[in-house]
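Alright, structures below, take your time with them.
The following pair of complexes shares a single chain, chain A, combined with chain B in the former and chain C in the latter.
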Partner chain A sequence: MKTAPMLSSAFLQPAGQALPTTLLALRFDRASSLADLLLPTRRTENWKYSAKHLKLTDEMASSLPSDASVEAADISGYTVVLVNGVVRPEVSNYPSIEGLSIQRFSELDVDDAALAADLIGKSISDQPAKSGSVNLSQLNGARFEDGLLIQLKPNTVLDQPLFVIHHTTASHSGSAYPRILVAVGRNSQLTVVEDYVSSGDCSVMVNTTTEFNLDDGANVTSIRLNTEGQAVQHMGTTGVRQQRSSRFESHSVGFGGTLRRHDLHVRLEGEGAECKLNGVVVTQGTQHYDNHTTIEHVAANCNSEETYRNIAADKSHAIFNGRIHIHQDAQKSNANMSNKNLLLTNGAEIDTKPELEIYADDVKCAHGATIGRLDDESIFYLVSRGLSRRDAKVLLTMAFINELVDQIPVEQVRESANIGLNQFFDQAFQEV
Partner chain B sequence: MATTDQEVRELIKREYEHGFVTEIESDTFEPGLSEDVIRRLSNLKQEPEFMLEWRLKAYRRWLEMEEPEWAHVDYPKVKYNDISYYSAPKRPEDMPQSLDEVDPELLRTYEKLGIPLHERAKLAGVAVDAVFDSVSVATTFKEPLEKAGVIFCPISEALQKYPELVKKYLGSVVPVADNYFAALNSAVFSDGSFVYIPKGVRCPLELSTYFRINAANTGQFERTLIIADEGSYVSYLEGCTAPMRDENQLHAAVVELVLLDDAQIKYSTVQNWYPGDETGKGGIYNFVTKRAACNGKNSKVSWTQVETGSAITWKYPSCILRGDNSVGEFYSVALTHNYQQADTGTKMIHLGKNTRSTVISKGISAGRSSNAYRGLVKFNPGAEGARNFTQCDSLLIGDRCGAHTFPYIESKNKSAIVEHEATTSKVSEEQMFLCRQRGIEPEQAVSMIVNGFCKEVFKELPMEFAVEAGKLLEVSLEGSVG
Partner chain C sequence: MLSIKNLHACVEGKQILNGINLEIKAGEVHAIMGPNGSGKSTLSQVLAGNEAFDVTAGEVFLNGDNLLDLATEERAREGVFLAFQYPVEIPGVSNLQFLRTAVNAMRKHHSKEDMNAAEFMKLAKEVSKQVDLDPAFLKRGVNEGFSGGEKKRNEIMQALLLQPKLAILDETDSGLDIDALKVVSDGVNALRAPDRCIIMITHYQRLLDHIVPDYVHVLADGKIIKSGSAELALELEAKGYGWLGIKDEAVANQ
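Moving on, here comes the complex of A and B:
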């Protein structure tokens, strides 16, 4: 039996020592737990479809420069800019609101550093996967050079969305490890937009982890937009812990690349918590996008709703893996998952795996998944009313994802998503 | 509903009805597995040379393989060297030619199981090739089958009489090294059924084989090969029970179905092996590889299974839809209670144009059991216009059991359409209330609701089996709801 390659030790050398000692110690600890681990292969269940695109060469292990110059983001509102995983206050625009604190890891005092250390890895598994292969969030824990700790005191409402721009400069090979920790107090409200962009076209890896901790009654909307360049290997992890009656909403719009992967893990730990996860993915050319979501119903009386739509064109590959896990004491759980996919060409591939794992009896769970193409009769209907075949197809494809894009509560994001989607349609439906 | 809870507990405790051991002296190999054992086995069965080579090849591959661990089941490792790989009823030199020659003890065993051998076979219109442990003992209804040109015999006999046919198709659907358990089976399979339906023949009878594991500590390794030639049809029934015993027994069977143009096979299984007692002790390990290759155009294969037994079930009857317009169907009811664990489902591999498949899976878990559906629906680039519909529903009875769904859906063809849905729920209080309001006892109400839940699958079973399936569910299920 062939053994999987090991994670190169080059990845275990973190750069940047400007961190509080607690975090340095934590990073060291994570790095030592990574030694001797294997890289995921086709046989690693979680990486079945994506392992072949994972390229962790030694030159990818080097850190990208944290002082690369970038233009200030063209966003009116609160912004925090991270360049290659390091916070850049000079191009950011922090909100100054009573009860809100945004700190970079390198500035944390002893207490806050201890809080950050406590939150890291709390909402997601930081341990090696069962198969003995590397867990990518674990790699982030071993390598982060800086990060953001966002704290919202109880009963605080952020009036505008907070944009967190992750900028990766791909002027040479290397990797970046942004880390965001969000702690939202009782009955507080926050909208975070994470925008992933890149410049340059060398092959780089962005390994990012964001963790949300929602106290009782907190309400968080997380929006994730991914428009990085083709050569970026994006490996994102989002972990969410929800306490009693809290609400979490996630909207993600992803455009493919050489490898895009997002793991979203929500734990409903307090009674009456609810979450809603929406996702849209479009891929073309030889792009690849892999979404893995897990919703854990730990406490009773929680609701979850998940809707993901994928569109794959040309020779691209889109993957969805959604798991609903109902714990033994999570009675009266309600969980719904829907995943619909559109295959536009014969060279493309879509793989989906909606899983249910249920250990409580008084639950209502359902999932549905479909893969298909545009309906010939609908196209005919539109063509018979004077639309060109191309326009008819664009319209129908747009309709397929529009109901999700429309739900994104921040107009600016909706607009940039639509710009990206229109570009996608232009290329995917060239007049024949 | 306190009283119901009480009743439930009583009912769940019901012991396995078919638990008895027939005392017949057996010709049994010493436990252990080696090339020597395989040579002895092959020699004993007077197999042609190619068969021995085939077995040895499988054995060598098996040695290099690792036991799969991905299934959602948990069991102590099987010690393959503690198993005896051959056990036959005594007096092999005097194999019974008719029922009169059959050991009356055996016949009584079958009677207890309600197998319609003898007269009952005729009445039921079923030809039974009963396998008692490893050697086929009695075969009935040979005549009408022979008249139709149908070959239905133990595979060991087929190896001697029709070696060419066996050589051509054995391992063509499930290759020797397909998976760990299939490789083990290929190396040591003891016996099983061989069916060949000639061109254009509609098999006049429903063929039926009852497998029964008997002598203690013998793993049973059945091998079934069914070949449906062009335009033929056969319905094959398989049912299983096993005596009660504390040690786990391994059962690793392989079933291969080959379908040529326009052929049709309906394969039905009722599996009721010993599931272990209420503390989870004992029970059969059922690691089965079942696969059908629809090689011909317009062929159709249909798997129907009712699984209520075994401590561990690891079974994925699959269809390879190679021929254009071929159809694959999978209907399953899997019931687990106490500490039973089942990981079962199907694979539908669409290769040909306009291939269609339907998957209906109903899982019922009670007690502390775990019941998982694991399925794969795959459309290859050539599967133009292919279609799949999958529905897997789970019913939970009790708050300590688990129900899981792991469906893999892969599509590489834009014209292919796949739909998958799954639901999980319990018997609702509204449903129970409605029934009780109308004077129906809770136990009966649950039975009704569960029967309704499974109806889609039961209606696919042949008459004879539908009756047995209903009974089985009643025993394992009735009233297991609070």
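Moving on, here comes the complex of A and C:
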């Protein structure tokens, strides 16, 4: 048996030294502990399907320029733009609202830097993991540059969504490491839209981590749209910690690429916390998309509701791995997980794996996964009324995800999602 | 207007239509009766272009166009309409969106402009009233959770909306209560037009009390074995199919 390859030391040299010393120290620490990280292979359970697409060559290790020029985002509301993982205030439009603070890591004072250092990695395990499961968010901990700390004081409501645009652009191969920390105070409300876009066709890697910390009664909606170019290897991690009676809602819409991976880890730590996780993934050509979610019911009386839909065309591959972990003290937990999948061709592949670990005895936990195809009878019915085959298939495919797209609470995102979906349909349902 | 010549078809290797010949002139209504499993629905599916069925011989012309050369959607746009014996439930696809897409596909084919949402809504409400369906049905998924009778009325509503040249009604009368039968029959009578022909597949004379056909045909074992005037249906009602020399088992299935 071949031994797993090690992470090249080229990856352990971060750029951007203009950070508070606490964060520099933390980053250095993480880098040292990564020195003997084994890379995932197809024998690594949680990288079974995706390891073969990982390209962690020395070329990929180099940092991408943070001063690359980008077009201003076409968004009227509050925006924070990151270029290659670094916040760019001059093309951003921060809201200035009592109780809200949006700061770059580089401008944090000693206290806030300590807070940031304390939050980093809290919601997810970014410590070297036990063998068998490799978490590439660890690498983000060793490489992040000028990230973002968003704080909302108690009882503060942000009146509009905050768009965080992650722009990756490069004229050479390399990688970017956006890091976002969000701390939402008691009973405060916030909607964050993370939009991942790219330009150029260099082979690049985006290794991004966003962490949400919700105090008692906080209400956070996180929307994630991924329309990066084909050549982008995307490794995303979202970590969420929820205190008493808080509510977290996540809507993600992802279009495939060379490698798309998103790990979403929610910890329901306070009684009465609630999360709702919706996800739509579409892949075509030879694209790949791998969603791993973990919901941990740590405290009692929490609810989780998860609905993911994958649609795979051509020779593409979509993966859903949904884990629900109900801790011993999490009595009266209520967990629902549904994953439905649609294969549009024989060559496409979808893998779905629900994993339940239940250590409490008084819980309600339901899960279901299906893989299906478009129904010929239904297509015939629609086409027999004069619809083109494309329109018939679009209606049937949209019927599969409509419910999730309609629930996205920001119209601009619904529109972008629909534009992306229409491009997908044009390719997938090309009439020959 | 419609001319079917020596039509043979099979499904999954099983021969079902064994040489159908049928001529229908513009403005005529033809009823097709016959035992269960004799091939009535197969004929209607083949005419509408269901690819699950293979045509092994024969020709079908509608106004001179060879239908068998056209794809399903092209046939529909040329005016073929099938009211399904078992309309498909399509949850998640709104009836309204489906119907508007269908009407606009038709209009585009005839070089007419798209109907906007408001215009379409008005038209759809009118025709839904004509078949006594609450316009609220328009907002539901296609046939989703519709009762048997509601599905049949929805089919007739679609015919009224799409104004076909050839309407094939496959047992649109079955499963209807007495009032619904009246509503559906009125709908079909409203479809009668000098430039349209209608094929009505039914098991029951009672429909033919409301819609008097010009001809009645008996289909058995994939062939038309007898044709006659409207009186033939009365005779079948009284005597069954036995006297026509159809196998006993087929009659027993009736």
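Assume the second predicted complex is superposed on the first by the 428 of 432 C-alpha atoms of A that agree within 3 Å, B and C clash if a C-alpha of one lies under 4 Å from a C-alpha of the other, contacts with A are read in each partner's own complex, and residues count from 1 in each chain.
Keep this in mind: a residue touches a chain if its C-beta (ideal position, glycine included) is under 8 Å from a C-beta of that chain, and two chains touch if they have at least 3 such contacts.
Model, not experiment: these values are computed from the prediction.
Considered on the superposed chain A, chain B and chain C are sterically compatible, since they fit side by side. When the two complexes are overlaid on their common chain A, residue A:Y359 makes contact with chain B while staying clear of chain C.
In the superposition on chain A, no contact is made by A:D118 with either chain B or chain C. Shared-chain residue A:G386: touches chain C; no touch with chain B.
In the superposed model, A:S378 lies in contact with chain C only, and not with chain B.
By the touch criterion stated above, A:L344 is placed in contact with chain B alone, chain C being left untouched.
In the superposition on chain A, contact of A:D216 is made with neither chain B nor chain C. Of the two partner chains placed around the shared chain by superposition, chain C is the only one that A:L395 touches, whereas chain B remains out of contact. After superposing the two complexes on chain A, the closest approach between C-alpha atoms of chain B and chain C comes to 14 Å. The residues of chain C lying in touch with chain A in their complex are 48-52, 71-73, 75-77, 80-82, 84, 87-88, 90-93, 97-99, 101-102, 105-106, 109, 141-142, 158, 162.
Residues 375-378, 380-389, 391, 395-396, 398-400, 402-403 of chain A are the ones touching chain C in the complex. Residues of chain A that touch chain B in their complex: 1, 45, 328, 331, 341, 343-373.
Within the complex formed with chain A, the residues of chain B that make contact are 64, 66, 70, 379, 381, 394, 396-426.
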